[in-house]
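What follows is a single structure, written as structure tokens, with notes after it.
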Amino acid sequence: MLNRQELTDIIRGFEPETEFPEGTQLLEAFVPAEKIYALVEKLKSDNKSSFNYLISLTAVDFLTHMTVVYHLESTEFRHLIVLKSKLADREDPKIDSLTALYPTAEYFEREVFDLFGIRFNNHPNLQRLFLEDDYGYPLRKDFRDEINIIER
Amino acid sequence: MNSIIEYFTDIFKGISSLCAGLRITGKYFISPGSIVTQQYPENRATLKMEERFKGEIIMPHDENNLHACTGCGICEMNCPNGSIEIITDRVANAEGKLERVIDKHIYHLSMCTFCGLCVKTCPSDALAFGQKFEHAVFDRNHLTKVLNQPGSKLRKEAK
Amino acid sequence: MSEEIIKDVIVGENEDYIINMGPQHPSTHGVLRFEVCLKGETVKYLIPHIGYIHRGIEKMCEANTYQQLIHLTDRMDYLSAHMNNEAVCLVVEDALQVEIPERVKYIRTILDELNRIASHQLWWCAFGMDLGALTSFFYGLRDREHILDIFEESFGSRLLHSFVMPGGLMHDVHPNFQKRTKEFIKYFRKKLPEYDQLLTGNIIFQNRVKGIGFMSKKTAIGYGVTGPSARGSNYSCDIRKIAPYGMYDKVQFNEILETGGDTFARYKVRIAEMWESMNIIEQLIDNIPEGDFTAKMKPIIKLPAGEYFRRVETARGELAVYVVSDGNKTPFRMKFRTPNFSNLFVINSLASGHKIADLIAISGSLDLVIPDIDR
Amino acid sequence: MSSNIYDFSTLTGSIHTWLSGMMSSGWVNFTELVLVGLAFLLMYALLGLFLVYAERKVCAFMQNRVGPNRVGKWGIFQTIADLIKLLMKELIPIRKSDPLLFNLAPFIVIICSFLALAALPYAKGLQAIDFNIGVFYVMAVSSLSVVGILIAGWSSNSKYSLIGAMRSGAQIVSYELSVGLSLLAIVVFSGTMQLSGIVESQANGWWIFKGHIPAFISFIVFLIASTAEINRGPFDLAEAESELTAGFHTEYSGIKFAFFFLAEYMNMFIVAALGATVFLGGWMPFHVGNWVGFNQIMDYIPSLVWFIVKTFFIIYLIMWIKWTFPRLRIDQLLTLEWKYLLPISLVNIVFIAFIVLMGWHF
């Protein structure tokens, strides 16, 4: 069970360009979008950290930009980190898919695509999971739907 | 040789496990006393729901038609589904000052999910849970109820 | 609509013979559609289609305050409603650093375990019915009725009891809550062995269930399968042990692990978990301390800006709540990592190569609740 | 020894003399045929209604619940209400289905169960046709119903019913073997295939006691195989509710579904009656060796009652098995038949032949 300081050194060792915000409940790391796949691959294969369990992959729309949030945990040492990567471009956000590392990521990513419209390149079959094709991306903050959603 | 023995023990073990299952169903077949089904429409008179049962929201009125709702609208704010609407109007009270009084406390049973926030957060405990659970109606607007009975007034305690 | 001409579909050799199981199907336990490609009786591959009961709970959470969204999380995994609510309350209490009274911890842990037994009982009924033993359905429901009566007496509703509030409970439990729980434990200790005699020991049942739907520990971790389904393949993922909450660190109980990895192992885990839950309840029920049932909370709860993450062990696996708050009374973004979402998608790798009857047994052993998948 | 059992042939004889007094012999034959036909039709309907009601009540008590109790005193008119409901239900035409075969299938299944009813000895002297190859005839006729099921599954143009029909085809064809062999075991004992002959041969004791161990084994094999043959109990793969929604009769509605439903219960009655006749002595009262007094008392109970009690005991066994065990998978079902039941019943027949040769049976 590595403590926060050791984990930050490991991550900074793999990926120097990460910044670590202070005063957060869990260890968080902002990683540039194009570097995320390489970092997660190293974190998973390195047997000191061995993050082999992707708890959840989700996205948050901060109106100016969108962040994709990864919660990773190691089933041996039970330590837990949160990786986040900012996507400034809101029209066509793109990020690498982690399906090759975690089979469960395929369906988390399809859900994020369905609700946020973030595309994951080299994803096996990126289709919508819940909604029909012509429906917008509901979980974006600027999503308006006069018929079904009543603003109170 | 032991494969033949295993063949027969496998059969006998199987049959004994089957008989264990038969014994259970047999036991229940000959003990009708342990049947727990309630004959609902017949036992309606004796059927007593738990007194905390969340059947619907009611506004308890005492014998001389007084209730405790001041029309403050806290329950309307707290309701997640917007199933409560408060209509208040201004009435001049004894000293001639205009005072806010509840006119209609509209409650949409069709939208209510019985989360109990209105009953909990009401400052004057005007709302309570009723025990009636037979809500089937033929016309949807019967589900919109007015909780304060006509001609009822606010109960004035000596504050 | 004009009568459009239906193209005569002639099934050639290479063309797949696809049947739709669902969304209305007796054994998909909810509106879930399996697009099953068959070769004779054996399943070649299987695509689950979901979204039939998607209510957009995460979108609705963004418009409700923290007390108001309790009744939403009830309706996610309705069989472990109490654990879902408790997850949200734990996140809020963590964020506000509120110290909840000892009595609330006791009651919440007892309710967790009662809810777990009720959920496993309903799973047992549906699993027996999937395999054709129709009587198991009625025995399970009859015993579950006792728990639902306890819930109805204390909270007023049987299944979706929005009873837990951030900071404690909505109101105190009914005075004879303890007495009835003890009666139930005494009653169920006599009835649970009957479940084994009726189904577990049965040779037909064992042949139907042994050796099918094998899931290795690696696939379980890869697909994010948690809960009893994963513990069937020796993957210890019990959040009550990893990140204890409530009274779980002070209660003495062991995590049930089976090494079989097949449907029978998952079955045995759930039956053993019912025994374990009863032990936990017995350790707690007699010494519930006196005290008030909620901590002092402001009427409008505003979480300080930041992100909060908390995990809870529901009857089906690990439920994680991730809240992003920007300081006002409604959460900015709320994500529920639900156990059934990950448990569902492993079914393709488990069921391909087996017969249709095994597919039903495997999906029964994964104990899926569909509203939990769609949210 | 079986002289003073009430003989129904006196009753049928008196009807015959009464009729021939009125009409010429050709017409007498005709009216008797019509009367027997009406009797069977009436029995078919009444038995069908009663069996459905009995199954629902037995299943309810086993599942610790009350069962139908709203229509009539203890719910006795429940099945009549079901029948009227099924009669009123709309017969939904299935698009792209083969209309002729789709409508023919229920009739095939009903006719087969009707044919088998005719050959059973209900009481002493009360038997419509007494072939000297009775057992063989009943076996042949009851195996015809698989044709109806296959036609139903194929013609209703739905994938579920096709799978259901294929399953039941394989199941019934393979289980006929062990039913035939288990009946053959008793034919070897009694020496004749004539049903009334078999019953007569059990005058001094039922074959299940006289034939001691091998007869008991063939009774168990018969019970398992016949449950499989009528698609019930742990072998109801043809209409497995949880997998194929309703198997071969998914697309049927209204009276066509009622035919399948009724035929299944009548097949159960036929199989139970056959088992009772061959193993438990049909209408022959329970005699014990030379206790003359005891045998006299046993003879006072009319032979029809004996037959009904034995048949409903076997029906209860079949229902008990159905409501306790989960369903078998199709490959386990076939391995059970070909690897367990068949070898056992073959060895059993050789053993019985040896016993009959040496005369060790009673």
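In this document, chain identifiers A, B, C and D correspond to the written order of the chains, with residue numbering beginning at 1 in each.
Please note the rule applied: a residue touches a chain if its C-beta (ideal position, glycine included) is under 8 Å from a C-beta of that chain, and two chains touch if they have at least 3 such contacts.
Values in this document were obtained by computation on a predicted structure and should not be read as measured data.
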item	value
Most remote chain, CA-based centroid, reference being chain B	D
Of C-D and B-D, whichever chain pair has more C-beta contact pairs	C-D
Between chain C and chain D, centroid-to-centroid distance (C-alpha), Å	46
For chain B paired with chain D, centre-to-centre distance based on mean C-alpha positions, whole Å	51
Chain B and chain C: spacing of chain centres that average the CA atoms, whole Å	24
Separation of chain A from chain B, taking each centre as the mean of its C-alpha atoms, in whole Å	42
Touching two or more other chains - residues of chain D	62-65, 323-325
Per-residue multi-chain contacts in chain B, two or more chains	18, 21, 24-25, 36
Chain A residues counted as touching two or more neighbouring chains	152
Chain C contact footprint on chain D (complex, rising order)	59, 62-65, 95-96, 159-160, 163, 167, 234, 236-237, 240-245, 323-332
In the complex, chain B residues that touch chain C	13-14, 17-18, 20-21, 23-25, 36, 50, 52-54, 78-80, 113-117, 120-121, 129
Chain C - residues contacting chain D, complex	6, 8, 17, 19, 25-27, 41, 128-135, 137-139, 142, 198-199, 202, 204-205, 207-208, 355-358, 360
Interface residues, chain D side, partner chain B - complex	58, 61-66, 69, 320-321, 323-325, 340
Residue ranges of chain C touching chain A (in the complex, touch as defined)	50-51, 54, 56, 58-59, 63, 94, 219, 221-224, 235, 237, 242, 306-309, 311, 318, 320, 322, 324, 332-333, 335, 337, 341-342, 345, 374
